[in-house]
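As structure tokens, here come the structures.
Look for chain A in each of the two complexes below; its partner is chain B in the first and chain C in the second.
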Partner chain A sequence: MKEKTPVLVRYRYLFSLLVSVLLAFGIGAIILAASGFAPLQAYGAMLRGAFDSARHVGDLLEYAMVLCICGLACVLGARVGIFNVGGEGQLLLGAIFACQIGIWLDGMSPWLVIPLAALGAMAVGAAYAFIPGVLKVKVKVNEVITTIMLNTIAAFLCQYLAKGPWKNANKNLVAATSQLNADYWFGKLIPRSNLTTAVFAAAVIAFLVWYVMQKTSKGFEMKIVGQNPRFAFFSGIKTDRLVLICMLISGAMCGLVGMFRVYGVEHLYKSSVSNDYYFEAIMVAMIASYQPVAVILLSLFFAILKIGAQGMELIGIPSQIYLILQTVIIFFMAAESGIMASIDAAAQRRRAKAAAQQRQKEAQA
Partner chain B sequence: MEFPGVLANDDISLDIKKGEVFALVGENGAGKSTLMNILYGINEPTDGEVLIGGKKVEAFSPKTAIGLGVGMVHQHFMLVPSFTVAQNIVMSMEPKKYGFLFDNRAAERKTQELVNTYGLQVDPSAVVREISVGLQQRVEILKTLYRGAKILILDEPTAVLTPQETDELFDVIRRVVRERGMTVIIITHKLYEVMAISDRVGVMRKGRLVGVKNTCDTDEKDLASMMVGRPVLYDDLEKTGTAGENRIAVEHLTVTDNRGLIAVNDLSLAVHAGEILGIAAIEGNGQSELLEAITGMRKPERGTVRIMGQDVTGKSPDQIRAVGLAHIPEDRISTGISAPASVTDNLMVGKHDDKEFNLFGFHQRRSTIERYAREIYEKFDIRGAGLDSDVGSMSGGNMQKVVVAREFSFDTPVLIISQPTRGVDVGAIEFIHKAIIEKRNSGAAILLCSADLDEVFRLSDRIITMYEGKVTGSFAADAITKEEIGYYMTGDRSEKEARA
Partner chain C sequence: MNEFSELLKSILSPGTFNEMLRRATPVAIAALGGALTEHAGIMNIGMDGMILMGAFFGVLGSFLFSSAWAGLAFAILIGVLVGLFYALFVIKFRSDEFIIGCALNTFALGLTSYMSRAIFGTSGAKGYPSLPDLHLGVIGKIPFFGGVIDGHSLFVYVAVLLVVILWVFVYKTPAGFHLRAAGEKPETLRTAGLSPDRMKWIASVLCGVLCSIAGAHLSLGYLNGTFAENMSNSRGFVAFACVIFGGANPIKTYLASLMFGFFDAIGLRLQGTISSDLTGIIPYAITVIMMVYVVIRSNRRKKHAQKRDPKAAGGAA
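Moving on, here comes the complex of A and B:
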């Protein structure tokens, strides 16, 4: 009995997630039908698009990895009550600096270059997250506003660097850095797909984040700070320091994802290292209600939707349908908590009324 | 009436007579407020009926209730602070000039008429923000009278009053009952007030009315037992030992409040080992800011705070706790607990970094933690849905026990305790008081602050009074009466005497 309650809650979350997903597919089907496509055929094409070849499976795993690490970065901040919306900027800066480190150190051993690039990307991402973090902790500036603003600054800064000082020699590639030496590229796990050895590093990171948050005394402190910062401060937890550290790690993780994108997939920096991937990861984190394991599973699910959408495009359905599905799922997940609460309240009212009538009957008898 | 899941009022039949003062007592969550809210039309009963003045209430709303002559003064006043007394009183039934303009002169005239009729002295043109809490309560009562109330419901009316103001309120109640034939229902948990003012008393427990008695046929002990459902032992708090060395030394401390105004003004005090120093003050006289400055929740402007001989002025709570201080905060929900966290987690905060609970210094030993939490849970007699349920779902009394259990389990030589039993039921009060006295007897230095003057008297060895951020008097607890303390709580007595 002692252990039951949290488990039950988890099942209920999974159940309502499933219902939301099914409802979303239902709405998606109506939209598809209204647009003149056969829904079942479309969803079939989606599944085929995701799983018909090893290459597509590799691509979707790579995309799931990006969503998962970025999503966990978001969860890490949210756990202590700071909402890092700036992951996109941290990712882009991490990517371009990691790339440039590889170009500067060209010719040296990969055993030196790759760790240095990873550390560089993490340092840049963390440094960029430090700005909103310290503003939040010291002067209570809303981190959502500052991180969104810093995203724009980072995007333009990277564009400037890729067009100007760090531009490649090739005239046809407009906004891109030089290509990395092929010695530094991550090894492909599935030929012709985007899946590289970076996925192992990502798995270790995901495990560590989960472990620290769920199993350690630091994770316990993080939870208390996020739930009631005044209580945490009152109890002698160094709240400001903890919030700042989590923000720095969150930024470092995003920067590292940027490095993974460059060393694994693009092999040079251009703006397509991220197409608002971090914003999709935020949605994943939100739908997962900031639970690490749920983030991992949902990352896979959304990767299937995204890669599968390319399969739908093949039969002439716009891939944006995937965005509609994602939005509708979020909508239902948000509505779910309210709907469930009112169902619960109604059931409790019924029970209370029955109990009252029962007692009245007993009193009369 | 049921709230979701809870039967707040269960099959209650009660007659209240015209022209009597009826006291309704019961622990927190016993259903007193729900019953009165039904009478005032805020809540609707699931079953049963309500008759007011012989008429069955059909549509439950405050508007109907007011129409039937019911007036209610809530615990938290519903006044507009920036309006005058008269403007507050006539609100929603304003006198009009030319049919649409507010007629302030008529409002003040009508207020003055009410004041004269009922003998409730208050200046109609005074701004509510600038008058005392006792007078604001009078405005609330006048407001209900202006709307033609014949039945007056007072919800915990004395919680914010000084003893003098309480006496004045009781005079007012007696007058409106005797001279105007009004009916007064007073909700309270202070039993001596029940004895002082009421004709009859109803006791509620767990949503049921467990007894109605003529006040002259009962006594406080009897009522307390009815409220709790078992005999309450009130008088076995035995203090032993004598005061030792100085453990809290505050010197010339000045602290500002959230608005930047001076809340604590050049204040000094000292608390010794094995003694309880009680602070008696009306809310908002700097006592909250004082305790926050001592415990590190607020940075003082000037002065020094020494705990266990160490200067901790302006340090953070973690540094001050490390010196040997534990703190029961005045507002448990905002400061004392994490509502969504489990009871176990709430009991662990502050001890979570201890070696015995962590493998290699970082991996939480959940089984050890659970064993420890269970031990504390049982030792402090916490009752709720178990260690895994979230603290936010517990009753106020049990929530407070979680806070007390955690802070007391640190075994610190210094304790800062604020409002230890606010909104806590009689059974838990008994338990918490005993625990505090035990801490005192084992040599802890305790600084206690409470809005409940009886509590301050019951627990303290010495009492200081605070008014507008300054200490206005310092007494041995057994050398002064509540009435005398009341004068010091409303200003410097010597100053007042000099003026008079």
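Moving on, here comes the complex of A and C:
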């Protein structure tokens, strides 16, 4: 049973993506013009803002990395039919625990501390994903709602830790942990940018996720579980276990992103480790229709928008316009799949009808 | 021990409950809207964006027409539009309601921050005409109780009225019955010759309006004519938690929002003893436990029903 994606569908997807992007930029241009800015100049500033210096390119690659790993974490869950919305909480907890591990083990060799911190972050992320996962599998509690609640709980918990027991000595930083020893910082790939060696680890993870999902029988089992859990169950796949494992890995990936943010960029834990990045990543995953390769490419695109928008600030345009551009694309893409699905359904009904008539004729003859 | 009783006294003072009511109201009004969409079978994550839109356009209206009432009307108008917009995507195009909700939140954040900076020149605006505070005269003189309910902004009282109206609407009118049917068993509604989608449209527009009112109350009443970037501050998610906690029943939802407000308010009182971040966790943790309990209970009921009458499996939930 080899699965084939008809080429036509992919073209249709690319076409609608292109149309969505163009429409978004069109609407953005109208908003810009209405508030008295020249749209072309603004978009020019956006392009320059993203690519004018190695530093900005580095920043955008780092942001794309965050989006991509979080997006893949979301895809991993969505593939087996569990929607991990709790990545934000898993990321924050992963970040603060990874940071604290670095502080506790201060003075030891980086070769020991960094792997331990990574493992710790993954364990914490996975543990935090375990709660909604097991509730979904065993009790059938809606995982979207529980993960949303758990996000807020995690944010409160991290704030408590960063303000209380794990607070740094510096009085100016209200809610932050102590800074990591500089020995443990990831090396910068591009000076003064946020891009660090973490990107290699991220690339390996992205490749593994893609490989397992697209090229192995486990990946195929995941797909069956997501599309038809009853069929999967009766064909002998341990569906509950697979769903739970995917949720755990998804949580571990989010926790690891938190560690990357701390060891690569912030060097201590504070709330700017993540600014609802995971929610952005969910949207990327959705637009990519949960295809790993598309997630990677679209992460890059959205990172360009975000970093580029900072360039627009230089000519006095509020950078928030990028949020508008981004969400308009999402609205169109979300609606597009709905419209396409209804067209598909209509076509299928027509085909089924024709087939039924055919059978009727054959029966008569 | 003495310290503890002192603390308890400060927690149970009228001031705390006054603060609870004040903090609960913006969430409560939005949650009432969320209860309607929840009944109609839509999981509405986008309330945060709707509140933010209401907050911004309320201040904008107040600024443009120099009247808080015009601001409120403007916010309600925008609320209708946002509700229609949400329904168009979620109901007409059958898009994923979670994604649309997320996108709506981000869109509202982008649009209001952008417009605020383009129009007011800064990321915030303040000092525009605000909604009046109400003083209740004699009632305000009642010991304790008076101190709790006196002197709030107008919509703190309107919210209570809305709870009653919506409770009657949802449980005592045919339209409310149809609304619930649209969420629970749309096929029955279809069999009765009614369109579940229409009820969903109505629910999301009403939700848009209520969330906008919540936003306008937030900016024009709660904060006296102030808009700040991202001022909804995840209140939409709190409202969503209240809806889940209250099982979308308007009265229970309102009480849930009071609970969230209470834990918010005692955070201030407990400063120095327990971190407000830890007390903040409590209502969310209770919500999760509550959800698990509700699901387990309904599963058990289903099982019982199945035992008694195997044909009616899944019929009693």
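Throughout what follows, the second predicted complex is superposed on the first by the 331 of 365 C-alpha atoms of A that agree within 3 Å, B and C clash if a C-alpha of one lies under 4 Å from a C-alpha of the other, contacts with A are read in each partner's own complex, and residues count from 1 in each chain.
Keep this in mind: contacts are C-beta pairs under 8 Å (C-beta built on N, C-alpha and C of every residue); 3 or more make two chains touch, one makes a residue touch a chain.
Just so it is clear, the structure is predicted and the values come from calculations on it, not from any experiment.
In the superposed model, A:187 makes contact with neither chain B nor chain C. With both structures placed on the common chain, the touch criterion links A:140 to chain C but leaves chain B unconnected.
Of the two partner chains placed by superposition, only chain B is touched by A:224; chain C is not. In the superposition on chain A, A:234 makes contact with chain B only, while chain C stays out of contact range.
Contact with chain B, but none with chain C, is seen for A:353 once the two complexes are overlaid on the shared chain.
In the superposition on chain A, contact of A:331 is made with chain C only, not with chain B.
Applying the stated contact rule after C-alpha superposition, one finds that A:107 touches neither chain B nor chain C.
For chain A, the partner with contacts to more residues, out of chain B and chain C, is C. With the contact threshold set out at the top, not one residue of chain A is in contact with chain B in one structure and with chain C in the other.
Of all residues in chain A, those touching chain B in their complex are 2-3, 5-6, 215-221, 223-224, 227-228, 230-238, 344-345, 348-349, 351-353, 355-357, 359-360, 363. Here chain C touches chain A in the complex through residues 43, 45, 89, 93-96, 98-100, 102-107, 109-111, 113-115, 117-119, 234, 237-238, 240-241, 244, 275, 277-278, 280-281, 284-285, 287-288, 291-292, 295-296, 299, going by the rule given at the top. Residues 2, 4-7, 10-11, 46-47, 295, 297, 316-318, 321-322, 327, 329, 334-341, 345, 348-350, 352-353, 357-358, 362-364, 370, 386-389 of chain B are the ones touching chain A in the complex. Residue ranges on chain A touching chain C, taken from their complex, read 31, 35-36, 83, 85, 135, 139-142, 144-146, 148-150, 152-153, 156-157, 159-160, 163-164, 279-280, 282-283, 286, 318, 320-324, 326-328, 330-331, 334-335, 337-339, 341-342.
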